[in-house]
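Data block below; observations after.
Chain lettering (A, B, C and D) follows the sequence in which the chains are written, and residue indices restart at 1 in each chain.
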Amino acid sequence: MKEILYYTWGAIVSFVVAFSVGITYMGLNRKITARVQNRYGPPWYQNFIDVIKLYSKKTSIHHGVMHHMGPAFIMVTAVVSLLVIPILNGNKFFPNLNFQGDLIFLLYIMVFGPLGMALGAGQTGNPNSAIGVTRGLSQMAGFEIPWVMALVALMIQYKTTSIVDLMNVQVESGRWLMFSSPFAFLAAVMAMLGMFRYAPFDIVGAPQELASGPMSENGGKYLFVMMSAGSVFTFAKLTLYVDIFMGGADNLIILVVKTFTLYLIPMLYGITSPRYRTEQSVRWFWGWPSFFGLLAILQAALF
Amino acid sequence: MVGSPVLFIAVPLLAAFLIPLLGMVWKESIRILPGLVLLYMLVLAITLLEQVMHTGTIVEILAGWKPPWGINLVFSPFTGILATLMILMGFIIWIYSYRFKNVDFEEAKKYFILFMMLVTGSVGIVLTGDIFNQFVFIEITSISAYALTAFYKHRDSAEASFKYLMVGSLSSMFLLLAIILIYSQLGTLNMADIASKAHLMKPEFKILAVIFFIVGLGIEAEIFPLNGWVPDAYAQAPGPVGAAFAGIVVKAGVYALIRIIFTLFDVSGTHQFLIVIGLTTMIISEMAAIRQDRLKRMLAYSSLGQMGLVLVAFGIGTEEGIFAAMFLLINHAIGKSLLFLSGSYLVYNSADKYISETNGMGKFLPVTSFLFALGALAVVGMPPFSGFWGKFFMMSAAAHANMLLIIALILSVSLIELVYYFRVINRIYFYKKESHITPKKPTVNAVIAMATLGVIILIIGFYPDLISGYLHQASQALLDKGKYIQDVLSTGQLLTH
Amino acid sequence: MNMIYILFTLMFGGAILTFLAHKVSGLLRDTLFVLTVLASTVLFYTKIHTGDTVDFSISGLSLQWGINAYGRIFSMIVLGLGVMASFYSVSYMKGKERLGYFYFNFLISLMSMMGILMSHDLVSFFIFWEMMTWSSYFIVIYNGKNVQRSGINYIIFSALGAYAMLMAIVMVYAHTQSLMIPDMMQAFPFFPAAYKIWLPILFLTAFTVKAAMMPLHVWAPDAYADSPMAYTSVFSGALSKMGIYGMIMVFVTMVNYLPDDTWFRETIAWLGAITAIMATLWAIAQDDARKLLAWSSVAQLGYIITGVAVGTPLAMLSALFLSVMHALFKATLFMAVGAIEKQTGTTKFTEVTGLIRKMPWTFISSLLAIIGLAGIPPLGGFVGKWMLYESLINSNHYILVIAIFFASTSAFLYCYKFLFGFFLGQEEKEWEHVKEAPALMVLPMIIMATLLLVFGVFPGIVLKPIDLGMQTLGYSTTAGTFWSMSGLFNEWGNQIMMRPLAYAIGGTFLFFLIILTVKGFKETRYVTTKDISSSGEVPLEHENLTFSEGFYQPFLRAVCPVMKRRMMTYYQGFGQGMEAFFDYLRRVYSGNGQTYAIYVIVFVVILLLFKNSLFG
Amino acid sequence: MNFTLFDLKIVEYSFFITAILVIMIGLYGALVKKSLIKVVIGLSIFDSGINLLLISIGYITSGTAPIFSPALVKDMPLTLENIKKLSEGMVDPVPQALVLTAIVIGFGVTAVALSLVIRLYRHHQTLNIDEIKNLKW
């Protein structure tokens, strides 16, 4: 019983941290984007305000049960992946559920939420939502290839499917995996561009033509949960990258520095890029990123 | 002893000539008499067969001349089974055609006379132990077959019959030539005697004789270049006659060929020749069959293919091979006859007998269609129907003889067969009926005949042991040449002393 | 009389009685049908024990029937699905014609599948195999749609496989003089080298046809889609598994003894993976749910084939586990399509939408099945896929794992299409009258979907019999060894790690669901799907805004180069070429009597000329 | 009776040669001529040729009829040697018996053939064999 309480407490702490960091990043993203584009932009805490505003909205509408449950689905993905991914080296403050084989588990749980949300989006009946979903799924089929290739390369090189093991390898050798497995890192980072859905891969939500795509019928509490889940998930993903490629972090400050550095990559790439069409982006992922993934596997298998 | 083999020839021949006489007294008798005769023969054949299986071959001497000179009939397990099969088929076809030409007395009379002649001739071919006598029976069979082929006046039957006749008379000349050759060399016409003296013949004459025999008998056995008449004749003849061709006449032809090759001469290469010619026949006719658009022609080509398979099985030459060949032979007789009998009802009222005219008959003629499908499944060798066992035994015999390539070839040709039969079944059950066709309900006797065949297929399929014991004995009898010679010639000795 | 005889007599007799009862009364027929399936299932599980055998002989061939633990794994699929599908079909087939015919073939195919599992000799194996082929063939053409196309394709490929098997059987028989499968297994290492290569190839041809592997898969989509859905659930769920059953036997008993089996395994494994990828892409392109599921079946069987071919104990375990799971979720989905077809009369995504509120139970079971199919935790599919990945990585199949993963990711696309196309989206007026399917149809779906969930959370239930079966095949027990390595299902799926994960998933979901529901409960209201924000204007009732045409157009544009070439066109080209050749060849039968006479003379002359080489 | 083709005397050769010539003529008629009647005649001639061949096998130049008449036997005792000696000069009766049968059969076949020709003519209004090709392939 005590254990469960401990875990629950840990989960809540993780969630709060992830939420606040994630939402700050998203705010920073807006600010930086604006500055680069020579606008003034909203303050970095704008997203906090948005979330609170959405939460306080009294009325809301839904189009059915699936729509109602959709945000909960995506929250499951965000929270469970946050729980599975070790946040700090040594696991002191944030007890988590990592285990041997969790990389494969993560791969699947990471699509569980989007699919659930896609079902909710589907039930709204808004054609924009469905179109957005199909684009999102297509794009996912694209970026999953280099992403999996990178992970497989790591798995076979270090004979493990556990994140903790990968972190220990880096701690023991003192070398980050992004240097010892550069191709895997390249492929993974390129896949990350798609994962974050910033430009040039932002056709899923494309506000100009699809009215935000899958999100378009959501408001109030639904959008609130979705945004929170998005920010938690952003943090979880970044942490995962830091864990497996950048040696993890010993304390939160290092973690924030590392994750933010990583976060700059999709952000800056996005700011400076136009938008790809779906098939273009799919093919892009099957091009160079997959090639690097292949190189990574070769490197892992041969050396 | 309930009777002797000579009755198999004497009784039906007598009946054939009695039919017109009795017909003058009581018109219905022309229909009943053949049936009674065939039934009697069937009972006799089965009792004799049972006896032969236990006590050994019966050799009957005609007119008191002992074997090397006189004509003798041999009722061995091998010939006995074939004769029984033919008589059984004859009886079933009689049941089927009992109401044939019900209104037209003259036509019916002709039909039954010719049919009895056909049966007589075919049974005679199988039973006789004398090659010239066999020649005579072949001619009896052929002439009645020509006439039966040309039976319908409104079809192209005369054309088919004429083709049959041309090829048939040509090849009967070759048969005669072969007989001359043997007689000039050995001075005997008795098969057993020839077999015992065959080594005395000059090899080149022996080969010449074998070649002429192959050509002469190949016409009835329907081997490849000599079988151009087959599809025409089968398709143009009345339905029951087509069944009789497939069930009776071909069997006699194959028997004669096999007897020549297995017993009379021991020329090397004949077995391989059988395999080659069987395969050629099978491949070409199956390829032709799949492109047919008329039902009966398709069945005829398929019949050719099946007989090719039988020849291949005989060509393997081992006891297993002959056993398989006999099994195939029986299955073909039953399955193909069933197909002809039911098929002719499926296209009863159509002029051109197109396959497309069987569309949707499953709804209107449920029993006939079902039996057709059953026959088709049996012929293509689907378990658990009778055809499967034949095919399986044939394959395993071939594998024992290390003929794997042949198995592969046969199996790939079987695929073709499967396709065209299933196409027809699909049409029967799952297509819309063509509006201009009115289905014809089969008469009761036809249904009985077809159902009997269907039941036989099922029984053999589920319980092949029923016949396999007989067939094993039969195949041993065919292979044991010495015993055949001894059986026949010793009967003569017994009589003289 | 031995219980095994009674089982077959019961099933066969039941089939015939059902067929005959059709003429008497519909109720009697349905009752007999269901009773036959139920009675034989009960008989099998209560009276027939692992290791029971009966010997008999036909025509001098000694044969043996019996059941071992390996066959029992598949008997779960066959009989379990059989029972479910029989209840389902009673309701689904109501009012259709030729029901005697349908039920007869249904029962025969169930019987022959049990026969395959219980044959210990090659001849009965072949007989049951062929019976399974024709009985399923007769059901494939039952609907009367495309009989000449899908039916004939099916029969050609099945026969191709069956004949290959027949050839292999007679080869074995000629060489060992025994038809027993155990004898064959023992004798195999001592066969001549050529036999060692050819026997597995021939057997695999037969089995991969049924398992719809790549070059031999072309019959599958049509056949699955064209047979009545009540049977397709068995067809895709159980019948195709007979191919897997045979393949595993071939791999365990033959391929293991090949001197150099790596290439053999790699080829089959890659063919399986390519099947999975291509079939997935084709499934994405379908607009008809039946076709989509049919292609998806082919794809799923591709994973299983890969697992079998890789052949490490874990891979085999995953293949067997996936077989059971695939049977469950694919049967559920086909049944759901059947229910929709029954209620709406169409199975096209472009025609039906927004059924979620009309057919909620169907939706829930499809949802669970789809989650299982996609391999998302915590349902059964994930366990199988997870084991497959682990085994592929551990056996150094790095590229293969990517291929499998790609197929499995792309599978999300059609999974979503299935759910969205039928259940979500705009609720059009046209389908307002639609009601939930009858209880007899819904119940089997719900039961199977629930089982899927149970097996996903407690995989040990299924893994235990599978482990017993694998021991029969000669694998050492997998209990413990493979589980400790993973930590996911330590010691028979006691879920050391799974439990907290399941709690985490469940807890998070419930927590946020409660938040979503409770917060502002009174102010939350339901609006119809017509009441949406469409650039500021609300669509009218009759305006059709459903998005279903060209659903994955962009994705398909991206992958179009690989989808240009279809196996079917090659086969068709081959078929047409052959037919033209046959047409040319049959002109030897010129129709002129004189020509035939000339043939006779030519034949004589040829024989005379070559007499020395022929009869020398 | 045990002779080969090369042991024969010139007269016997001439029989064989004639027979083969007749056969060739018959074949020519049957295979080349287009008229149905001529085809039938050809077949018939072919038949006769074969019969001639058959007869010539049993033929012995200046042989006697195979009858043991009292005049021939005279008062010789009927021992096996005597019978053998007497039958040396006799013509073999078996081929003649065979030919008789063969002729009858040939007659039957020709009759059937001619009746078929009549029916074909009524049906097709022609006797050209190349035009009677309703059934093919």
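Convention: a contact is a pair of C-beta atoms (placed from the backbone, for glycine too) under 8 Å apart; a residue touches a chain by one contact, two chains touch by 3 or more.
On a predicted model such as this, the values are computed, not experimentally measured, just so you know.
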Pair joined by the larger number of C-beta contacts - B-C, B-D: B-C
Chain whose averaged C-alpha position falls nearest the assembly-wide average: C
Rounded Å distance between chain B and chain C, as computed from the means of their C-alpha atoms: 44
Interchain centroid distance [CA atoms averaged], chain B/chain D, Å: 29
Interchain centroid distance [CA atoms averaged], chain A/chain D, Å: 102
Cα-centroid distance, chain C relative to chain D, in whole angstrom: 70
Junction residues of chain B, two or more chains touched: 159, 162-163, 166, 170, 231-232, 288, 291
Residues of chain A touching at least two other chains: none
Multi-partner residues of chain D (at least 2 other chains): 30, 39, 132, 134-135, 137
Contact footprint of chain B on chain D as seen in their complex: 1-4, 30, 36, 39, 43, 46-47, 50, 53-54, 57, 94-95, 98, 101-102, 105-106, 108-109, 112-113, 116-117, 119-120, 123-124, 132, 134-135, 137
Contact footprint of chain C on chain B as seen in their complex: 159, 162-163, 166-167, 170-171, 174, 207-208, 210-212, 214-215, 218-219, 225-226, 228-229, 231-232, 267-270, 272-273, 284, 287-288, 290-291, 377, 382-384, 388-389, 391-393, 395-396, 398-400, 402, 404, 407-408, 411-412, 414-415, 418-419, 422-423, 426, 429-431, 463-465, 468
In the complex, chain D residues that touch chain C: 27, 30-31, 34, 39, 129-130, 132-137
Residues of chain B defined as touching chain D within the complex: 132, 136, 139, 142-143, 146-147, 150, 153, 156, 158-163, 165-166, 168-170, 172-173, 176-177, 179-180, 183-185, 187, 189, 202, 231-232, 235-236, 288, 291
Parts of chain A lying in touch with chain C, wherever the complex brings them together: 7, 11, 58-66, 68-69, 71-73, 75-76, 79-80, 83-84, 97, 99-101, 104-105, 107-109, 111-112, 115, 118-119, 122-128, 130-131, 133-135, 137-138, 140-142, 144-145, 148-149, 152-153, 155-156, 161, 211, 216-217, 220-222, 225, 277-279, 282-283, 286, 293, 297, 300-301
